[in-house]
Amino acid sequence: MIKQRPRSRRSSFGEPLMQGLLWSSVLLITGAFMWLCSDIVRHGFRQLSWDFLTQLPRDTGRSGGIGPILVSTGLIIGVCLGVSIPLGVGTAVFLNEFSAPQRWLSQFLGISLDILAGVPSIVFGLFGNAFFCKTLGLGFSILSGGLTLACMVLPILIRSTQAGLQSVPNDYRLSAAALGVSRSAVLWQVLLPAAMPGLVVGLLLGIGRAIAETAALLFTSGYVDRMPTSLMDSGRALSVHIYDLAVNVAGGEQNAYGTALVLVLLLMMINGSVSWLGKRFQQTRILDV
Amino acid sequence: MTLISSSSTQKSGVAPAALHTEKLTMQYARKVAFRDVTLSVPAGQITALIGPSGCGKTSFLNCLNRLTELTPNTQTTGTVLLDGQNIQAMELIQLRRRVGMLFQKPNPFPLSIYRNLEFPLQEHGIGQRDRVAQIIEINLRRVGLWEEVKDRLKSPALALSGGQQQRLCLARTLALNPEVLLMDEPCSALDPISSEVVEALIDRLRGDYTVLVVTHNLAQARRIADRVALFWMEDTVGKLIESGSGQELFESPQHPLTQAYISGKRG
Amino acid sequence: MTTLLKRSILSRSYGDRFVAALFQGFAIASGAIVLLIILFLLRESYPILHRVGVLRFFRDPSWHPTSGEFGAMPMLWGSLLVTLGSVLIATPLGILSAIFCQYYAPPRLAPLYRRLIELLAGIPSVVYGLWGLVVLVPLVRRIQPPGTSLLTGIWVLALMILPTIMLVADASLANVPAAYLRGAAALGLSRWAIVRGVAIPTAQAGLMTGILLAIGRAIGETMAVLMVCGNVVQVPDSLFDPVRTLTANIALEMAYAMNEHRSALFVSGLILTGLIAILVTIGEWVNRGQMYD
Amino acid sequence: MKSSVSLTHALKVTIAIASLSFGLMACGNSGNSSNATPAATKKLVLTGSSTIAPLASELAKRYESQHADVRIDVQSGGSSRGIVDARQGSADIGMVSRSLKPDEKDLQSFTIAQDGVAIILNKTNGIADLSNEQIVGIYTKKITNWKEVGGKDAPITVVNKAEGRSTLELFASYFKLETKEIKADSVIGENEQAIKLVAGNPDAIAYVSIGTAEYEANQSAAIKLLPMRGIEASTANILNGQFPLSRPLNLVTKTTPMGLSKEFIDFAQSKANDDIVKAQYFVPFVR
């Protein structure tokens, strides 16, 4: 009791101090971020137009639009998700539903996913360049870029799908077993729909990371800003375009800001629509079928 | 949908099967749950397993449809015979279809009411829509749920009350046409009124199914059980102390522990 | 919740076995990626490591791979200093933000503020870099040229990693059982005393995890630092000196690097991966501690 | 028992890794072949010097417009990449913005244009001329303020190129500097980045390709080119051979070019396309 007295006195002194500290740091952060966002919106908004979104870049990007760059970005993300979703969901299901946590394979996978999640994107770029571009002979191509990004988003996808599966009560698994229902049927009918929120979060984070990625793409999907005609063509992603305009093109800031705004808006749109779709999908699975 | 006559709500087809365990012992990694349980569960009767908490009743029940195999590091010795057949030699899915189970906590799938019954049926190869619909209606009627939910079969099962959920689970199990029903304190998580409804349902299953029910409620055991088996914990190990007809066990218990337990002096 | 030995639920049905085998294959493929990455980093850096050895990378005075000097220490320092600076700034701000959201903010403001931070977490690093280059660099240059400097890098990185720290801290503070807080409040403690005495110690492991994640992100960040740090290979004397990080080194020289030079860049990648491995180990250790508490 | 289990697992892992790699390789190969077959598209890959890349791209665009069945990919990556890729055959043609070194004589080179390297300053910088000694002084940090060379009182921001760029090699060898003697405030990759940096920083100094610099200056980038030993840095002075710091822009091939490679090199060297070379502010190849 005696011990507590000085403590409470100190904290009564600390309370207004803390209030001040908290509010000022919050204001500081909000201010900094308003500065950043208003800059992007202010400079970027002027550039936005239908032509900007559809036309070819001209004069090394100073003028013209970002049409081919949007297409390349879409293709890269498509390749990335096409590979990483089955691989990621499959791995998560295997870890959570088919494998005992004590098995060495599960433990090895756990550790390697932790490492994979931490590997800097530039190292993925190095790996992608050495493995996909050189060893597999895919060259600078949308395919190389997409595959490199797939490796990168895999741990995010796996971890969130796992979290989703873990949140599904064991009751379902038990009652399914007691009813003699096969494992895969429970998986498709009950577990995956119930784990959908986790999966959606993973997908969101994965797309977010992939679409924002620059470093891993510099040496895998390349710089070419032309309209791609196949997955084997080199294609420039939005983020690489921003980098190039910001760093290598005198007078490229305006279009860099425009592209940045497009990228940020795209990210927000994807986030919104995927979470909406995920929710809908889950509901239909539970209610209608 | 045509109205189904009350006679067809009665079970038809497979006859109830007798269950017999011989020196059944089960242990977890460090602890023996129960040892050397030899018990006969006669076909078509209701057998109640009673005894204080933690004496291995639930573990015993889980052995009978090999659900214990889901828990890591468990080991079972002894034999379980279903209709004279060793369950270890049976195909797992087949065994679990023949031996249905009702859990303490109602556990419908997060699907619609209808889908909760339809999905296991489809899994067991019953796919024709009319037939499935018929089976579902029959079984929902048998648990007295049909009138309550017939207008909202597509709404989520999890929106039902606890008692309704438990009856849905019973209907789901019955739909698969099992021979034996294992029930692990099926009423203990329910409110008194729902509990009464479910108890009445169990009572009506007599004759059509072999029912093995774990209960802490002595009055309930006395009301519904044809036969009663008392489990007790001796030296941290579950043991079967005494079994017999309900009347024998409650009126003239042989074992002193049984006497003490049913009179409320111990347990 | 008990763990289930889920393999045993497997039926003998063809479908189950096929699915199990397929997913096991996927899992093995996922696990193989890390091995492949390490394998390729080692394979590509082998020629130079074999010829000049590992020590040269730490002992050579500077980085001139085309004339046979492979000193990576200045860049390691660059990476560490930029990371240290940004974490020192972002940690208190991030944790204070989380405390604000959980315990101090008016109920309507907290979700708004959280949404703002989430939005910022989603802004790509190249956009932070663009902003840093166009806005911050000229600003710093006015104080002391050239503007592209350690300070600018720290500034941009701090903004980038702040959301990570804030969001993880926020989540772990939200997980502090309400009973603890009620109990402390019932003892008549002030709000700050409750936060300091109960909430923070309980959420400690979560806060640590957030900081570690942020450190990992800062070390691994490439584009933003590449754009605002000046990329001169040197150990900086002041905040206004330009620096080059290990990541920027790769991004800057990779496109032009041939043979041994390229090989040396893969060694940069190896060193980076080594740093991350150390972080992951610390993270494991922190989480273990949490488990046994 | 236990060891046999882990053995089978090890086996499975190996098989899975192998099949993964093979699957991906198959992917890659099928991608390659499918790319080569449809509509009999012919593809030419050029890699190398970032100085030549914009010129080569423009040439390629015109060539493609005249030959619908051809697709030419131009990837910049530095002169040494041009050498290596041409040697290894990963590119049909390498782009090298300097003369071949003695140990590179196994390759065949074809000059398509001439270029020089010029010192650039911000347009607002008062300095009009720097001697070679002053430039060396600035790049070795013996001179750190513009007032030491007659300008205003402001610290000099020295911009250098990253290791591996041929412009850096040319610059260093002309001024007889070792690359490690150069002390910079900012290290950049591309010519354009140097121009952009100097245009945005009144106190910066950099060296870049004259062609690129003239092009950018005409695109209203705020830079000016310094004369070298009193000779104005202009394409005209490269053409007449007076500008001291000049270099040839070469296309290189491993063997005597045939087919499409030969056609494109001839196309690049032909007088009809001098306008493209001039538009990029390079000096057309003197035949």
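To keep things simple, chains are lettered A, B, C and D as they appear, and every chain counts its residues starting from 1.
Rule of thumb we're sticking to: contacts are C-beta pairs under 8 Å (C-beta built on N, C-alpha and C of every residue); 3 or more make two chains touch, one makes a residue touch a chain.
Please read these numbers as outputs of a predicted model, since none were measured by experiment.
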Original post:
Whose Cα centre is nearest the centre of all Cα atoms in view?
Top reply: A
Original post:
Among the chains, which one keeps its Cα centre farthest from the Cα centre of chain B?
Top reply: D
Original post:
If you count the contact pairs for each chain pair, which pair has the most?
Top reply: A-C
Subject >> Centroid distance [mean C-alpha coordinates] between chain B and chain A, Å >> reply: 47
Original post:
In whole angstrom, how far does the Cα centroid of chain B sit from the Cα centroid of chain D?
Top reply: 79
Original post:
Once you find the CA centre of chain C and the CA centre of chain D, what distance in Å lies between them?
Top reply: 34
**OP:** Could you please state the distance in Å, as a whole number, between where the Cα atoms of chain B are centred and where those of chain C are centred?
**Re:** 53
Subject >> Per-residue overlap in chain C, given as positions that touch at least 2 other chains >> reply: 2-6, 9, 11, 13, 24-25, 28-29, 31, 35-36, 255
**OP:** Going through chain B residue by residue, note those that touch at least 2 other chains and give them in order.
**Re:** 70, 72, 92-93
**OP:** Provide the list of chain D residues touching at least two other chains, using ranges where the numbers run on.
**Re:** 13, 76, 188-189
Original post:
How about chain A: which of its residues touch chain B in the complex?
Top reply: 100, 102, 169, 171-182, 185, 189-190, 193-194, 285-289
Subject >> Partner chain C, residues of chain A touching it in the complex >> reply: 4, 7-8, 11-12, 14-15, 18-19, 21-23, 25-26, 28-30, 32-33, 35-37, 39-40, 86-88, 90-91, 93-101, 105, 108-109, 112-116, 118-127, 129-131, 135, 151, 154, 158, 169-170, 173-174, 176-177, 180, 182-187, 208, 211-215, 218-219, 239-240, 242-243, 246-247, 253, 256-257, 260, 263-264, 267-268, 271
**OP:** Give every residue of chain D touching chain C within the complex, in rising order.
**Re:** 12-13, 16-17, 19-20, 76-78, 80-81, 83-84, 154-155, 157, 160, 162-165, 178-180, 184-189, 200-201, 203-204
Subject >> Sites on chain A touched by chain D in the complex >> reply: 59-60, 62, 104-105, 132, 136-141, 143, 147, 222-224, 229-234, 247-252
**OP:** Please name which positions on chain B make contact with chain A in the complex.
**Re:** 65, 67, 70, 72, 92-97, 100-101, 103, 105, 107-112, 115, 119-120, 123-124, 154-156, 169, 172-173, 176
